[in-house]
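Below you'll find a set of structures to go through.
Okay, so chain A shows up in both of these, paired with chain B first and chain C after.
Showing the complex of A and B:
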């Protein structure tokens, strides 16, 4: 399998029946991106959201690749600790949700500092989402997993899974940036309300992962759609 | 409470919570004895894998909410019908699902082969399974021959060969 096939497989899954599975994380990423757009009222370009998308893609794809490669020791170790990691991810997502709700009262001055804070949050969010996500196995991803389980081809499998994860993150970012651009037309009076809703939305995801209720979300909400 | 204490409190809570989570090592290696386990079946009795000689096994791990889990059931039924007399046990294990939901799923599909529920995905994790559906093939010697991630319906032409391999 070539890298472009893997990239397209990840990207196109967002716009296919596989979105049913991706619903585990996709609405929450969109909520995050919208939330950080609304965290301050300054008129500015969308560079901050683009940076967040890039940082998210890096975090998500790296962990996704490792978790997809049973032939690599790091992948097996991550998988062994997945329950603890999911709780940790829930706590991280919870802190990010608080940042969305209360972050507007913190004054982060300077473009560089803001870049570090928002980029760091997005990176952590990407790492966390890769941990909490239980992917449905698309035909392309199935082939990647077969490559990844053989110790002799595990590194190739990890590379392809990384590209596949990047493809997924790219589709998230594409849709997310469209949403962000549409916020230009949002009335000022609704901005803080929408930001708080986005923060609360992430808070719910955090609680579901900390308490183990995520399995019910998958079973009843996603099962309802299947 | 001072705001600068929040990160430390968060770290403390994180440590407590993650410390409570159970770590389960992935033990599955192709060509090695299949990791042993025993699970109660939904309709009574139990399912045992002990790495010892016996019937060959095709075990599929699935979830009620996963679309390709649903799609692969007719093929599993065909495999069961064709190979039951030749000593192949088809088994289903529910993962990443509430038990009640998985029970309904099993009942709704009127399975001719046994099903069990893997509470907390403990068995799945010993096999390195993080996503449904995944099917493992164990031969008559108790050796793990293959792990296939994904919808076996997409590999219909190969699945019968894989079953023949474990006979």
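Showing the complex of A and C:
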């Protein structure tokens, strides 16, 4: 399998029947991206959101690749601790949700500092989302997992899984950036309300993962769509 | 005019590509040459009552299928799994479904909807899933009579793949006996 097939497999899954499975994380990423756009409402370009998309893509794809590669020791270790990691991921997502709700009151001055804070948050969000995600195995992903099982081809499997994860993150970012651009037409009076809703949305995801209620979201909400 | 036509063609290709990405029935047939490793023992409470303890089935091949009611490919592979179960149960091959990231009610609903007849239970703590190192669903493990993982398949199974893997386990079991 070539890297482009893996990239396309990940990217196209967002726009296909597999979106049902991706709904575990996709609406929450969109909420995050919209939320950070509305945190800092001064007139500026979209560089902050683009940076967040890139950092998210790196965080998500790296952990996704490791979890997809049983033939690699690090992947096995992560898989064996996945339950504990899900709780830790919930805590991280909870802190990010608080940042969305209260972050506007903290003045982060300077482009470099803002880049570090927003990039760092998005990187952590990507890492966390890869941990809480339980993927459905698409035909392309099945081939990648099969390559990743064998220790002799595990590195190639991890590379393809990383590309597949990047493809997924790319599709999230594509839709997310369209949403961010559409916020230009949102009235001033609704912006803080929407930002708080986005923060609360992430807060719910955090609580679901910390308490184990995420199972009910998957079973009832995703199950309703299947 | 040329640009509009070009854009329309590009859009058509994109839509077709996306559509086929969602509808492909191709499944992996990569044979793993990974050395056999022992399957972790587990005791699963079955939804219809009773227990399934893996070590109680030593001497016979066991197929362990991890699924979730909300997982799209899990529903698609269910008829295949059940058909192969019906074909091989007289050979003493045991099948067990392990529902993960799910609720009991939804797992039962899934079993009824797809007419699954082999035993299944809910791994509510995720311990069995973690012991096997399952990340994506569905994932199917083929465990031989010695309790070793003969093959594992991530993604929807096909009848041909299942028959090949089960026959392989049955043949190796027969070789050991002779």
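A few points about this structure:
What we mean here is this: the second predicted complex is superposed on the first by the 226 of 226 C-alpha atoms of A that agree within 3 Å, B and C clash if a C-alpha of one lies under 4 Å from a C-alpha of the other, contacts with A are read in each partner's own complex, and residues count from 1 in each chain.
Just so we're on the same page, a contact is a pair of C-beta atoms (placed from the backbone, for glycine too) under 8 Å apart; a residue touches a chain by one contact, two chains touch by 3 or more.
Just so it is clear, the model here is predicted, and its values are computed rather than measured.
Steric overlap between chain B and chain C is present once the structures are superposed on chain A. In the superposition on chain A, A:137 makes contact with both chain B and chain C.
With both structures placed on the common chain, the touch criterion links A:21 to chain B and to chain C.
In the superposition on chain A, A:12 contacts chain C only, with no contact to chain B.
By the document's definition of touching, of the two partners only chain C reaches A:147; chain B does not.
In the superposed pair of complexes, A:223 makes contact with chain B and with chain C alike. Legend: residue contacts after superposition of the two complexes on their common chain; A:58 is shown touching neither chain B nor chain C.
Touch criterion met: A:88 reaches chain B, while chain C stays clear of it.
Once chain A of one complex is fitted onto chain A of the other, the partner contacts of A:122 are absent, as it touches neither chain B nor chain C. Shared-chain residue A:36: touches no atom of chain B or chain C.
When the two complexes are laid over each other on chain A, chain A has residues 17, 20-21, 67, 70, 76, 79-80, 82-83, 134-139, 141-142, 145-146, 149-150, 215-216, 218-220, 222-223, 226 in contact with both chain B and chain C. Within the complex formed with chain A, the chain C residues making contact are 17-19, 21-28, 30, 32-34, 68-75, 100-103, 105-106, 126, 130, 133-139, 152-156. In the complex of the two chains, the chain B residues touching chain A come out as 10, 13-14, 17-26, 28, 30, 63-68, 70, 96-98, 101, 120, 125, 128, 130-134, 147-151, 154. Residues 17, 20-21, 67, 70, 76, 79-88, 91, 95, 134-139, 141-142, 145-146, 149-150, 210, 215-216, 218-220, 222-223, 226 of chain A are the ones that touch chain B when the two sit in their complex. Only residues 8-9, 12-13, 15-18, 20-21, 67-68, 70-71, 76, 79-80, 82-83, 134-143, 145-147, 149-152, 214-216, 218-220, 222-223, 225-226 of chain A touch chain C when the two sit together in their complex.
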